[in-house]
Every structure is written in structure tokens, then in C-alpha cells.
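Written below as C-alpha cells is the structure these notes are about.
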Amino acid sequence: MSRLLGCAVVGAGRIGALHAQTLLALPNVRLAAVVDPDREAAIRAAEDRLVSTTLDAVFRNPEVDAVVIASPTELHAEQIVAAARAGKAIFCEKPVSFDLARAREALAVVEETQVPFQIGFQRRYDPGVVAARERLDEIGRLETIRMLSCPSPFRPGEVSGGIFCDMALHDIDLARFFAGEIGEVTAIGTSFAGEPSDDPDTTILTLRFASGAIGVIENARRTMHGCDVRAELTGRRGKFVIEREHDTSLRVYDEGGRHRDALDGFINRFRRAYIGEMEAFVRAVREGSRPSPGVADAMASLRVALAATRSLAAGRPVRVEEIEAEPATPRRKRKNA
Amino acid sequence: MSRLLGCAVVGAGRIGALHAQTLLALPNVRLAAVVDPDREAAIRAAEDRLVSTTLDAVFRNPEVDAVVIASPTELHAEQIVAAARAGKAIFCEKPVSFDLARAREALAVVEETQVPFQIGFQRRYDPGVVAARERLDEIGRLETIRMLSCPSPFRPGEVSGGIFCDMALHDIDLARFFAGEIGEVTAIGTSFAGEPSDDPDTTILTLRFASGAIGVIENARRTMHGCDVRAELTGRRGKFVIEREHDTSLRVYDEGGRHRDALDGFINRFRRAYIGEMEAFVRAVREGSRPSPGVADAMASLRVALAATRSLAAGRPVRVEEIEAEPATPRRKRKNA
Amino acid sequence: MSRLLGCAVVGAGRIGALHAQTLLALPNVRLAAVVDPDREAAIRAAEDRLVSTTLDAVFRNPEVDAVVIASPTELHAEQIVAAARAGKAIFCEKPVSFDLARAREALAVVEETQVPFQIGFQRRYDPGVVAARERLDEIGRLETIRMLSCPSPFRPGEVSGGIFCDMALHDIDLARFFAGEIGEVTAIGTSFAGEPSDDPDTTILTLRFASGAIGVIENARRTMHGCDVRAELTGRRGKFVIEREHDTSLRVYDEGGRHRDALDGFINRFRRAYIGEMEAFVRAVREGSRPSPGVADAMASLRVALAATRSLAAGRPVRVEEIEAEPATPRRKRKNA
Amino acid sequence: MSRLLGCAVVGAGRIGALHAQTLLALPNVRLAAVVDPDREAAIRAAEDRLVSTTLDAVFRNPEVDAVVIASPTELHAEQIVAAARAGKAIFCEKPVSFDLARAREALAVVEETQVPFQIGFQRRYDPGVVAARERLDEIGRLETIRMLSCPSPFRPGEVSGGIFCDMALHDIDLARFFAGEIGEVTAIGTSFAGEPSDDPDTTILTLRFASGAIGVIENARRTMHGCDVRAELTGRRGKFVIEREHDTSLRVYDEGGRHRDALDGFINRFRRAYIGEMEAFVRAVREGSRPSPGVADAMASLRVALAATRSLAAGRPVRVEEIEAEPATPRRKRKNA
């Protein structure tokens, strides 16, 4: 592709605005539109240069080659379907849906139409993760994985699908990225903040991988010490730790000892990752190669999150294959997709 | 007590020799004997100044006020009983026994004879742990605990009681030290090294505390990167991490980046803790106060380790109260105690 | 200014290309031209969107509001003069010239024409430096400064002005930024690499500030362990350290201990600083405020670097006021400016 | 030597008491006496087991093989002479004297009597230093040294010999330990605390080594952030940093970020080094080998400190050979030695 890739961003919230900013800075890209019911937000995200418009117009616009979907989760599935039907390449924030059937249905359209599709697991593009993945052979056969991430704003289970679909999904995907498929999970969790919801705000999820490796993922909605996202991979010959705690390179010493600032917010933590995933998406679409992570990753990680949700409710280990795994053919009867 | 405390060390292996060395350096203490079937080891531990002798002689010796039991685990219970009957204060390496009945029986004699008793959970005396315990209020109500420790030499389950009684027991005790009693555990584990044993070499153990807190303990028999023992406590207002990775203060920089040495061995890691626990024991015995951790801690941590062992075998959560909890009266029928 | 700021980049080498990329990503900016004798480099820097052109055309172009000078040092002075005469706002990489008279002459034209001027001391915009400057009161009266930076490609003194004008100038400026004017310097240095030049590749420069503070700056052209740039500020009540060593958040553990990657290159180290200084320049020009650091900083830091050069040659302390400080009037006789 | 080494400690202040405690814990040693005009201090240091006595009695006591001199500096020279005349092995805290003639005179008696002599530069036995020295070849030819140490209680120049003899002497010795002899020094310094003395409390000392290496030593009497002692060695192929900042392994996280405690006091910082130097001294005396650092190190480091003192006063570089270097023959006329 020699001309610029025309991109539209759907949703001008925090993540959508960030993607718009990234696309503005990328070479070979023309940001063609930012769509949001909140016209002011769209204009801000588009930085005075672009006219926001309706979603339909975007899908009809031949200058739009790709759409970046950063709308609320409940809109993802139908927007994916519409974009795919319009022949647009699709980047979609995770999850496609926390309803397995709807996710499968939407992604079936993607596969049918063969449009390029990338799911927004940006952590795969964090420089520490990239380096660890490239050097994974150094530590030999992977034996254990240990992950932690916090915080994430509380969202009731009805809206978010619960903490595993909403928050742990990133860790689950990263665990799969390093260690392959997960066979069984066991979850415990509790609610410390007393939100009026059944959904816990703090969880521990143990994992058994098909490879024989074992692992654990911890999540907490709340934290007092800033964004804390870590991954620890132990292999037969060594260990990798990916961990970033501080915003600036400033250390402060006083009579109390040594102090460092906290890392303020996951966007700050993952700025390079968000840029990296968008660069990768643009490159794949322009080159005609397959974006990654794609449909299969979106589905597989979601199934693990749903298995975790079931384990927590049932108080027992749950095999991921318990989560229905029939072929992902679109169910025509559903009208609202 | 104005005169020196007469101490005898039973067992001159690695830990026994370390305790002997500590006692030699402590004020107010006279190391009266080191007992070991290996006479050479006893003499080395005693550093030319002390005559090794038989266990019976030690127990009859009126100049021995206290015994430090660092013999193989299978001898602990009977030596505790003999020492208690002889009226000696007792410091015993963990565990008392990995057989709950024998442990209960031996400790019942301790309680009956009212001799001072301390169990060798040295990590409670690690300076980082001491500081964290003192400052625990700072982080508010404790919500999660996250611990990891490795490595530990492989010992078959028949000899060691398995990885939970042999290795995780330290972490379990420390978890209880910070967060109180544990109500339920779930264990997963596997054997990566392929030792000819049913006992896994790598485990993940999740914990539910009576307080509502949750936690996770990871253990691995093997590690390539030296002694790695960590504890992470998250409360409502902050977090503590206790972690020490390096032996020296040397950092090396070269074309590959920055390098630090590994921490070589748990004795090196816990040198100050081993000294601290012995100081505390001597102080308590001399002052007539109750040594800590004592009988109740020895029993409670053991019960959790046994629950973990059962969970691993059964593939389900196990409540600690499932592990028999009848009153600890000595069973006279057992002859071998 | 409501319309976009038209900017031109002069010089499409490493730094020029970086500035072009930054300007492409900035809102409120239109990158109007990249000028370089190497047309291919200019096109690459302009990312297919802009037509490179001659310097004269740029200065005559009414759509160019500001020029970013990133050409070789020996061209800075004349380009500054031409840009100032054309009424353009000027951002210029350091140094203006390592010839004091030429620098003074060029900056006199800037002052005469009153065009906005910013000098490229990007380290003032490093997030750690920004945070330290904002919080400077916390550590009380500043007593000592300790800085180190390495590496920097070797450039013979005839071309670069020597290590103090070429390399230490950044550290000198940062020292002034924190602690104010420098009264006296003493330099020692040597050449370890054996370059065919009188200019040392490794130096230690001690500083006496007008405030009474003292300091030291170390520089080395070579390093084996990546980019290493540090600043340490000690005040009456505390200390700040600004130091960043690693590129990624990956830590590697193996039998040798713990390893981290090196920070590869000063552009990587100062990416956020380079963006920050360009944002500040654009903001100041658009708002009509005075860019900083400006003419006075460019001159003052240069004088200190020249005093250091003299101290090294003379083997004695040199007061900065020894470096001629007559009023900066343009000397008409010089034709080559 | 098969029997225990009989040792006496002269001076029961902070360092003397520490040495007494170390000797009590060392195998192969009998602590025969602690001498101090303050009888209570002596008894405390001796831990109830030893009888304090007069210095003369110590020197006459055939059971005393070695004396550890930890008295005030002004007594060192004469005590060294007396001990040497009595044939005792000598360990002496630094400096022997800050008067070069007296130091030379006392050490001449040591050399004449050929008693074993070790000077108390304990930092050579810090584990980080030991590791760096052993691995020095890894970083290739040493090019620069960068050291910092603080704090140290203020002592007026009349009593202490000034900051270079009193405080920097340790850093000077360590610099020599790594990089060999020093040829020229230049000092700057100032007094921030306003003590009623000409002696500065904060100094920067640059070094030129005979090898061609260069270096810098910074010292400050005061610090707000605990004991801070660092050494950085840069060679052709890499760099070593020796730095320890924290007392415990506890890290605290809260809304302000991450916090670590300060390292409280140089005795705490160098506990292992103090034990290491005493072990080395005892071993050398028992084995009949030459203790290190010895007479030559005591003299050479002192000369550098005196050159630094002269440079500061004169405001110019001073070659170390300017400090008189005539052969160290005892001057019989001095009566007070």
C-alpha cells in the first residue's frame, strides 16, 4: 500500500483519544474521523484537524480503510459486525463481549469476511514483554507464571462481565502469550471495598497450563500505591520479571530514607505498549499480513476468564473446556447483534 | 537469672553448627555441649572449647538449662519429650513432626511440664519482617498476602512429610504471623525435575484467612538464581514488600547492562534472623517470659501444611478444620514417642 | 495564535529527524519543510508529506513561523542570524558556536530583532529534572551537585570545540539550572582511547557556584554499559538523584544473579525530554511568551565550558569571569558569520 | 599457633566495644583485657567475663599476644610504640597520627621491632569491596574512580587533623587499594554548617593516579539520609559500583509511592567489614603472615590526605611528593612519642 492508511476511531473516551493521538503521530496514516456521541470529545480527540461524523458515514467512507473501536464494551460486537460487513480492517478494544455467544457471533463475521482483526491486548507490545518473549528460550522450559495487576476502576458485573472478564483478561492473555493454552483454573476472591455488587474486587486465580506449567494471577480493583502491573516467568534455567513502578527517574532521599514516586495510571504505564500495538496494526494492514493478537486470542482468553468466573461462583476448579466450545457459527436468530 | 545460661545443641549439621556459633557469640550464654553421633562434627561446631557428650548426659547435666534441637525431623518429637521431662527449656527446629498425632503428643508433654518452648520459625526474626510487623498498622486492614520461597533441597515425602510440611511451613507460619489464622486452602502443584517421588517440587497454595483476607504462597524446590524468599502484604492503605536478592553491595556494568550477584543459600539470607531467634529464646528463658513462636504456632502452622497436602491430593479446597483438631492429650499407647 | 504554527527543520541528521517527527505529532503545528543538502534524508524525515527545499526559500516562506536548527555546529551562527533577520522564531541545537565571539555576535542579532529563541538543552525537560526542579525547595539550600554523563561520540577539538563545549555543556547547563551561576572551575582530564587529538576523552570538572555550593561533573566519551547520565543534588535537608539506567522493564535472573539491559543511546534516554522541549518551544512562540532556556543560558553555559577548557590546559583553577565578558555587540568586520 | 590468640582492646568507645564483641565471637581468640580510663565502659565492652586493667599491665601480660588500639587518635602513636617495644602484634584504628612525623616515627618502631601491624581501613573487608577487588580484571584497565562518603561527626581540625585526615582517609585508602598510588590532588571545600572552625564540612577532591587513571572523592560531614558510602570504578570494559543504602529488606508502598529506610550509621553499614578485618588480623598473626593493610598503606594514604589539606589551603593542585617523603627513621629527639 503506497498511499496513507485512512483510519477512523470509534469512541473518544480515554483510550479512544489516546489511539487518535497515536494515529496522528504515525507515518503512513491519515486519521480520517473520530466518532463519538459527545461531539466535543470527538473534536478534542481529533485535534482541530478532523471532522467527526456518524458511524454509518464512517463505514460508507471509502477513504476509511480501518476502524479502531474504543466504544463501551456492549457496543463492540455490533460495531465489529458492521465494520466487517463494510470491509474495514478492525482494531477492537478488549473484550469483544463478555457474552461468549455474542463474541463468537461477531468474530464469525470477521472470519467470514476475512477483514484484518486485532484485539486490544496492548500488554503484548510493552517493551519488557516484547524483550521477554524474544528471549524466552534463555530461561528454558517455562514452569511457573506469576502475575499481578492493579488497580482498575470498579465496574459492576452486569456492565463489565465481572473482574475476570474486565480486568484479569489482560493477564490471562499475557499468560497464554508466554505459556500457551490454559487447561484449568481455580479462583478465590472477596470484596474488601464493600461495593454493592456480588463481584469481588480482589481475586487470586491459579492456572494449570496444557504444557504442564502452573501459574497464578492476582488482581485488585483498588490500590493505594499507583499502577502496579507485574509478570514473573520462571523457567528451568532462569527467571524473567517484568515490572515498572515509577513515573520519573527521580529518587528522593531525606531523613526517612529513600523515596520514589508512584506510577500514575495504566495509560502512563503502557504508553509505549499502546503506541506499539497501533504501529503493529497499521503495519499488518498495510502489508497484508495477519494482525496479532487476533480472533483466536480474543476467544481463547475470554473462555479462560469465563472459567475463572465459574470457578469463583462454584468454589471448585473448573476446566476451560467446560466453557462451551462449539464452532463459532453466527446464530442468525439473534437480531440485536 | 544472673549467671550464664547453659545451653546444649543437639545435632551438629548445618543448622546445629550455626546455632552453636551464635550461642558462642551471645553474652550471658555458656555453650555447655554439642551432641552429635558424628563426633568430628560436634567438635567442629563446638570450636575446640567444648566436650561433646551423649544426649542422656546432656539431659542429666544440671549446668544445661536449655537444649537447642537441630537433629533430623524424625527425632524431634522424642527429644522434645525427653528434654521436657528433664526440665530443660527447649528450642526446636521446625517441624516438631509431620505426623500430627506425634507432634501433638510431644507438645502435650511440653505443656504439662511447663518448660519454655520455642519453634524454629526464624523468619519471624528477619529484620525486614520485624520492621513490617511493628509497622503493620500503617497499611491498614490486611487484605492480601503474597509469598514466594525457593529453593530447598529435595527430600522425598516419606522423610520430609512433603513440600508443604517441609518447605511451605515457613511461609505458612509467616502468613499467620501477619494475618492470623487460615480457614481454607487450595493447592496445585507439579513435579518438573522428575524426582522419583509423588511429592511435587513446585506448588501454588491459595489461602483464605479467618479475617477475610486472601493470599497465595508459591514454593519451588529448585531455582537457578539463588535464594529467593519474598513476602508482600497489601493493606487498605499501603503495601509492604520484604525481599532480599543480593549477597554483596556490588553492581557490575558491562556491555550487556547491569548485573548483580545472587544470594547464595538460605543461611546467608537469614543469618540475622537465625541470630535474632536465638537471642530472643535466650532472653525469654533468662527473663522467665514465654518464648515465641511457641507450641500453639507450631501446631497451627502444621495443620495448615497438612490441609495443603490433602488439597493437593484431593484436587479441591480443604478447610483447615478438616484436619483433626481434638484436644492435644498425650496418647499413652504410642510407645515410640 | 489560532492557526497552526508553521515550522521548518534545518538539518535532517539524527536530531533533526527526531525534531521533525516530534513536530509531526504535535497539535497546533504544521511541519512546513525539512531542509538538508541530503535530499533523501530530508524526505525520510518529512515522512512523504513535505517537500524539502532550500534554506533561502524557507526563510522567505511566510508560512514558516519558526525554524528548528539542527545542522552541524559550524553553521548554527550564520543560520541564526539569517533566521532572525527573516523574523522567524528560532530553536537551535547547542552550542550556538564554541567560538565565544561568534556566539555573542549571532545572539546579539537575536536580541536586536527580538525573535523568540530557545537553545536545545533538552535535559531541562527530562521528567526527572522537571520533577526535581519543581520540588527543589524540599531539600533546602543546595550544597553540592554531582553529575556524570557518558558516552558521546568522539569529535576532534577543532570540530567540536573539545569535550567541555561538546559534551559537558549539557551538564553545565543543568548545574546552572539547579544551582545558579558558576564562579570558578578546575578541570583534569586524560585520553584513554588514544585518539589522535589533544582533546581528552575523560574529564573531571569541579565547580564553585556563586551561591557557595560546590559541585563536580564527570564526562567520558566512551562507555561499555550504555547511556549513563546522572545528576545528584544534595541540599541541607535531603537529596535528589536523577538516574535512568534501563531501556525495558525486564529483569533477568539466572545462575549468575540478576541482570538488566543497558540504556541504548541518549536519544532513547531523552526521548521524553526532546518532545518536552519542542512542546515548550511551540507553546511559548504561540503564546508570545519567552522560550527557555534562551540567549542568556546559551551564553552563560558556554562561558563555563570555555573556562573548563582553559583550566585543563593551564592546570589551575579558572574563574569564569576570566572568559571575556564584554557586551555582545555584533562585530561587523567578520564576514563569515 | 595452636593455642588461642590472647587479645587486648585499648579503648572502649564505640569502635573499641565493637572490636571487643567481634573478638569474643571469634574462634581461636581469647579476649584477655579491655582497657579504658572509663572502667564502666571497659566492663560493658568485656561483657562481664573479663577484668579490665591498666595499659602497662596489658603490655607486660605474657598472655596478651596482640593489642587492638581504638583509643583517641592523639594516643595512637605512643601506644603503638609501647606495644611494639613489648613485642605485641598491633591492630590500630586509623590514622596513626595526622602529624606525618609522629606517624613515621611510630611506624619506624614497628618496622624495627618487626611486630605484625594492621591499620584499621575496614572498608577493604567490606564484602562488596572484596568481590570487586577479586573481579577487578573483568572491567579491564581502570580509568576512573568516583567515591562518596558521608556523614561523619564534626571534629575540629586541631583534634582530627581536618576532614581529609579524619574522614577522606578511608576513601583515599580504598582508591589506592583499587587503582594504586596517587600522584596529584586538587581539593575544593566549604563549610555549610557554620561550625566555628576553619575546617570545611563538605569537600570535593580530584585525584591523578600514577597509572594515568583519574578520580574524585566527595565527603560531607552531614547528611540527612543516613550513611551513604559509595565507590564506582570504571574500566575499559565495564564498571563496578559498590553501594548499600538500606538497613532492612522492607519496602513500603503507599499513596506517595515507594519508600525504603535509611542505613543508620557507619557501624551498621560496615558490620561485616569490621568483623572481616579482625578475622584477617587474627588469621595473619596466628599464621605468621603479614597483616594487610599495613605500615606502607598507613603512611601512603596519610600523605595523600595531607596533600589534599595543603591543596585546599593553597587553592592549587598539589603533588603528593611535595609532602615530605624522607625515610621513616625514628627521630630520637622527640620525647613525647
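We just call them A, B, C and D in the order they show up, numbering each chain from 1.
We adopt the following convention: a contact is a pair of C-beta atoms (placed from the backbone, for glycine too) under 8 Å apart; a residue touches a chain by one contact, two chains touch by 3 or more.
What you see is a predicted model, and the numbers here were worked out from it, not measured in a lab.
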Shared interface partners, meaning chains that touch chain C and chain D: A, B
Chain of greatest Cα-centre distance to chain A: D
Whole-Å separation of chain centres (CA-atom averages), chain A against chain C: 40
Between chain B and chain C, centroid-to-centroid distance (C-alpha), Å: 58
In chain C, residues with contacts to at least two other chains: 224-225, 237-239, 253-255, 261
Residues of chain C touching chain A in the complex: 21, 24-25, 27-28, 47-48, 126-128, 130-132, 135, 138-139, 237-244, 247-255, 261
Complex contact set, residues of chain B against chain C: 224-226, 228, 245-246, 253-262
Interface residues, chain B side, partner chain A - complex: 141, 143-144, 146, 148, 186, 188-190, 192, 202-204, 206, 208, 212, 214-216, 218, 220, 223-225, 234, 236-239, 315-317
